[in-house]
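For reference, chains read A, B and C in written order, and residue numbers begin at 1 within each chain.
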Amino acid sequence: MTALIELKSVEKHYGDYHALRGIDLEIRAGEFFSLLGPSGCGKTTLLRTIAGLEEVSSGTIRIDGRDMKGVAANHRPTNMVFQSYAVFPHLSVAENVGFGLRRDPRSKVEKARAVEQALEMVGLGGYGKRRAHALSGGQRQRVALARALILEPKVLLLDEPLSALDRLMREQMQLELMRLQRQVGITFILVTHDQEEALVMSDRIAVMFDGQIGQLADPETLYRKPANRRVAQFIGKMNFLPGRMLDQRGAIEVAGLGRAELAPEQALPAGGEITVGLRPETLAILFDGDTAPRRETRGTVAEVVYYGDMTYYEVRVDGIDRPLTVSMKNLIGRPVLEVGATTRLAWDERALVLLTA
Amino acid sequence: MGLGNFTKSEGGRAAMLLAPPFFYALALLALPILAVVLFSFWTQDFMTIDTSFTLANYREFFDKPIYTVLLGRSLMVSGIVTLVTVVLAFPVAYFLSFHVRPERKSLWLFLITIPFWTSYLIRVFLWKVILGYNGVINSGLIGAGIIDEPLSFILYNVNAVIITLAHAFAPFAILPIFVALEKIDRSLIEASRDLGETRLTTFFRVTLPLSMPGLVAAVLIVFIPTIGDYVTPELMGGAGGKLIANMIQTQFLQLNNAPMGAAIAIVAMICVTAIALAFVMLNRRWLRGRG
Amino acid sequence: MKGLPLRVYAILYLLFLYAPIALLPLFAFNDATIIAFPLKGFTTHWFGDLAGNAALRQAVGNSLFIAAMTAIFATLLGICAARAGAMARFPGKGGILGFVMLPLVLPEIIVAVSLLIVMRQVLGLNLSNWTVIAAHVLICTPFSIAILNGAFQNLDPSIEEAAMDLGESRLSAFRLVTLPLVMPGIVSSMLIAFTISLDEFIIAFFLTGANPTMPVYIWGLLRFPAQLPVVMALGTILVTLSVVLLVIAELFRRRGLARAGIKDTGGFL
């Protein structure tokens, strides 16, 4: 598959502030792509440079093979759903959705039909006559979506479209956006700071820090094999343990856990001190009658956080400064331990992730 | 490079937009004031202007007591008017901000601003009707049997000027104080009560200090323009109630002595600016860190 | 009730504000040349005198022309400044905006005197309606800016970007989206500038040409006791007119807020 959008060493300066630092990126046609990162890392800036609302300081952006240098927002094959939705408050819903059709040669009737179709697509059929400023947040968002999709752009840019919605609404809209994307086949680029949202929705995710891309991968790779400590920390929960290389075939010594063999496909550093990661769900507290684990150690429960479906334990293990976080499903008949209880802890060396930096 | 590039940055476009109002103010405000400064160093020689540099106008200003007396009286009148206006206005602004329901506020503001927009000349003249020999007050008091002879000390003197100006500038004082009070986060007041202050001490320790920016703005916005008013003293002040603005007006329009008028205007403006700046400096500690 | 003394005080204060104006209609319809109590009887002939006064008609015409021109130019300059104010910063922006607002805190006589010197002595122009307009635009622009600032700053900046993203050029985005949204602000700015200019005397007295403006004409009338009832009649009409204009301006301002979907927080300025 060829790249629909191609960014080559894109830089953006705001005065002294270096907002984008050498972004290289290829986004494929039809992909659901997410830009994920903490607040202020430059996600919106990157999206706006693609939309043409912000000029790059240097570097090139190509869309569909065409260099976008000097092409204004209104001439780019992209459309945007703004973080504030930017629904025109002085127009009706239908006028909002039909806003971009002003120069469309179709007849009035055909345009009206297109508008109604777009509204139906986002679940707002029959809302055309409403005034835009009287809509709820979720409805505004759908108007913004319909308004962009009706123009059939090559790329739809969405800047944190779900962050202003409550949780239930957000989860519903996540599914709906995914359905829409599959239905229209347009490339979606979604900006979000919510890792769960990115994992759920995207084909691929670029994790950004300080104007740079920390890792670009599909959700599963990102979760299982984070490239570095920062990515690992940002996506999901991760225990970090100091360790030492023993040889060049993957034998290591992990503090508190002992000797282990790293999974063979991991790239190995030259040697010396290392950091390894262990996800909380790969650790388990052993209750009587559980089957014997591959590896086992002992610890003391230092903290219990009850989540309903899950319980998170902080377990202190000799030889490790910070207690390990362990997540346990609250299965029927499984007790919740108290602080201070000593317990057996199961772990699996296949879950160890070697982290650079 | 060049203009095309300049308009690409948003800052550049903002600068281009700001250019027309800026150059307008430059051409019709800054340059003319420079011209006034220049004129004040020249002299009027019957119909022509003698453009040799001289301090004669300023010397005359400080030699003849009439000018300094007028200036002193002007500053005093403006000072009193400011004090009276702001003190009278504060409770109204406070009432508006704290005791009027939000949806009624704009109605109240509207009622307060309306008199301000009605013909200034006629408003001043009406005070003459109220305070005059056969005016509302005198006929009222005589009718009520409180006095036999009309009071004469209420018109054609400085008091009348002060009353009229205080009336004219009332909305100017209320609005900035109201805006400052509106900006005060109500939870600050609740916090103060929660920390043990009474309603009164809360007012003095929290509300008043936080409303200082509005008070300072109100003082300036009343004090400065009142210096430049010659209508009220002319109509209400009589012989003993004339102010420095009347002198400027006379120099320019009756005596046709623009350089002298310019010198008076410059001295008056310097005094006003100095007082205003000193006032702001004195209140600096209240203004810091706030818009 | 809490705050009752304050409420009483505020109402007394309003009475104080309105006291002089309340007298206007009394004397405008009073059948006596002398403006004093007791009232004599009802008449409308002062209004008739007004209508028949050619000099006054001319003065009113001048003032209306000046006020209309002032409203247009001050609002145009105000739009430029207010829009720039809502846009990105650039070096010196704050200072320039402050400078443009300066006439608001300058004694009017200084403006009058400095413009008189420039127009007459430096440029050697004859005083005319246009000299008054130039000065009125200067003092009205800060008011326009203050009103329009509200309109422009309430706008979501991404609204205009959204229009551009949907295919409009910068100019048509402004025309199709921003302009309709700030239109109520523009109307109320024009009405305010119009009202200020119509009433302005201190500067007009210095800069008016051979044909006086209405306030300058009224000033002349005030010296002739026989003319005072006519002035009262004129004043009554002016007050009514101002109130009507202000009510319209206020309605437009509110409509603007409603359109932008914002809760009302206060009056002008």
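Following the convention adopted for this analysis, a residue touches a chain if its C-beta (ideal position, glycine included) is under 8 Å from a C-beta of that chain, and two chains touch if they have at least 3 such contacts.
Owing to the predicted nature of the structure, the values given are computational and were not obtained by experimental measurement.
*Asks:* Find the chain most remote from subunit C, comparing centres computed as mean CA coordinates.
*Replies:* Greatest centre separation from subunit C goes to chain A.
*Asks:* Any idea which chain sits dead centre by C-alpha averages?
*Replies:* Ranked by how close its C-alpha centre lies to the overall one, first comes C.
*Asks:* Skim through the chains and flag the pair connected by the most C-beta pairs in contact.
*Replies:* Ranked by contacting C-beta pairs, first place goes to B-C.
*Asks:* In whole angstrom, how far does the Cα centroid of subunit A sit from the Cα centroid of subunit B?
*Replies:* Between these chains, centre-to-centre, one finds 59 Å.
*Asks:* Need the CA-centroid distance for the pair subunit A / subunit C, whole Å please.
*Replies:* Each chain's C-alpha centroid was found; their separation is 55 Å.
*Asks:* Express in whole angstrom the distance between the two chain centres, defined as the mean CA positions of subunit B and subunit C.
*Replies:* Those two chain centres are 17 Å apart.
*Asks:* Give the residues of subunit C that touch two or more other chains, as numbers and ranges in rising order.
*Replies:* Within subunit C, no residue touches at least two other chains.
*Asks:* Give the residues of subunit B that touch two or more other chains, as numbers and ranges in rising order.
*Replies:* Where subunit B meets two or more other chains at a single residue, that happens at 9.
*Asks:* Once bound in the complex, which stretches of subunit C touch subunit A?
*Replies:* 156, 158-159, 161-170, 173, 176-177, 180-181, 259-261
*Asks:* Which subunit C residues qualify as touching subunit B in the complex?
*Replies:* Answer in residue numbers: 2-3, 6-7, 9-10, 13-14, 16-21, 23-24, 27, 34-38, 76-78, 80-81, 83-84, 87-90, 93, 96-97, 99-100, 102-111, 113-118, 121-122, 134-135, 137-138, 141, 145, 195-196, 199, 201-202, 205-206, 215, 218-219, 222, 231-232, 234-235, 238-239, 242-243, 246, 250, 254, 264-269.
*Asks:* Where on subunit B does subunit C make contact in their complex?
*Replies:* Touch list, subunit B to subunit C: 9-15, 17-22, 24-25, 28-33, 35-36, 39, 49, 88, 91-92, 94-96, 98-99, 102-103, 105-106, 108-115, 117-123, 125-127, 129-130, 132, 134-136, 139-140, 167, 170-171, 175, 178-179, 182, 220-221, 224-225, 227-231, 235, 245, 248-249, 252-253, 258, 261-262, 265, 268-269, 272.
*Asks:* Where on subunit A is subunit C touching in the complex?
*Replies:* Per the stated touch rule, the residues are 51-53, 72-74, 78-80, 82-84, 86, 88-90, 99-100, 102-103, 133, 144, 147-148, 151.
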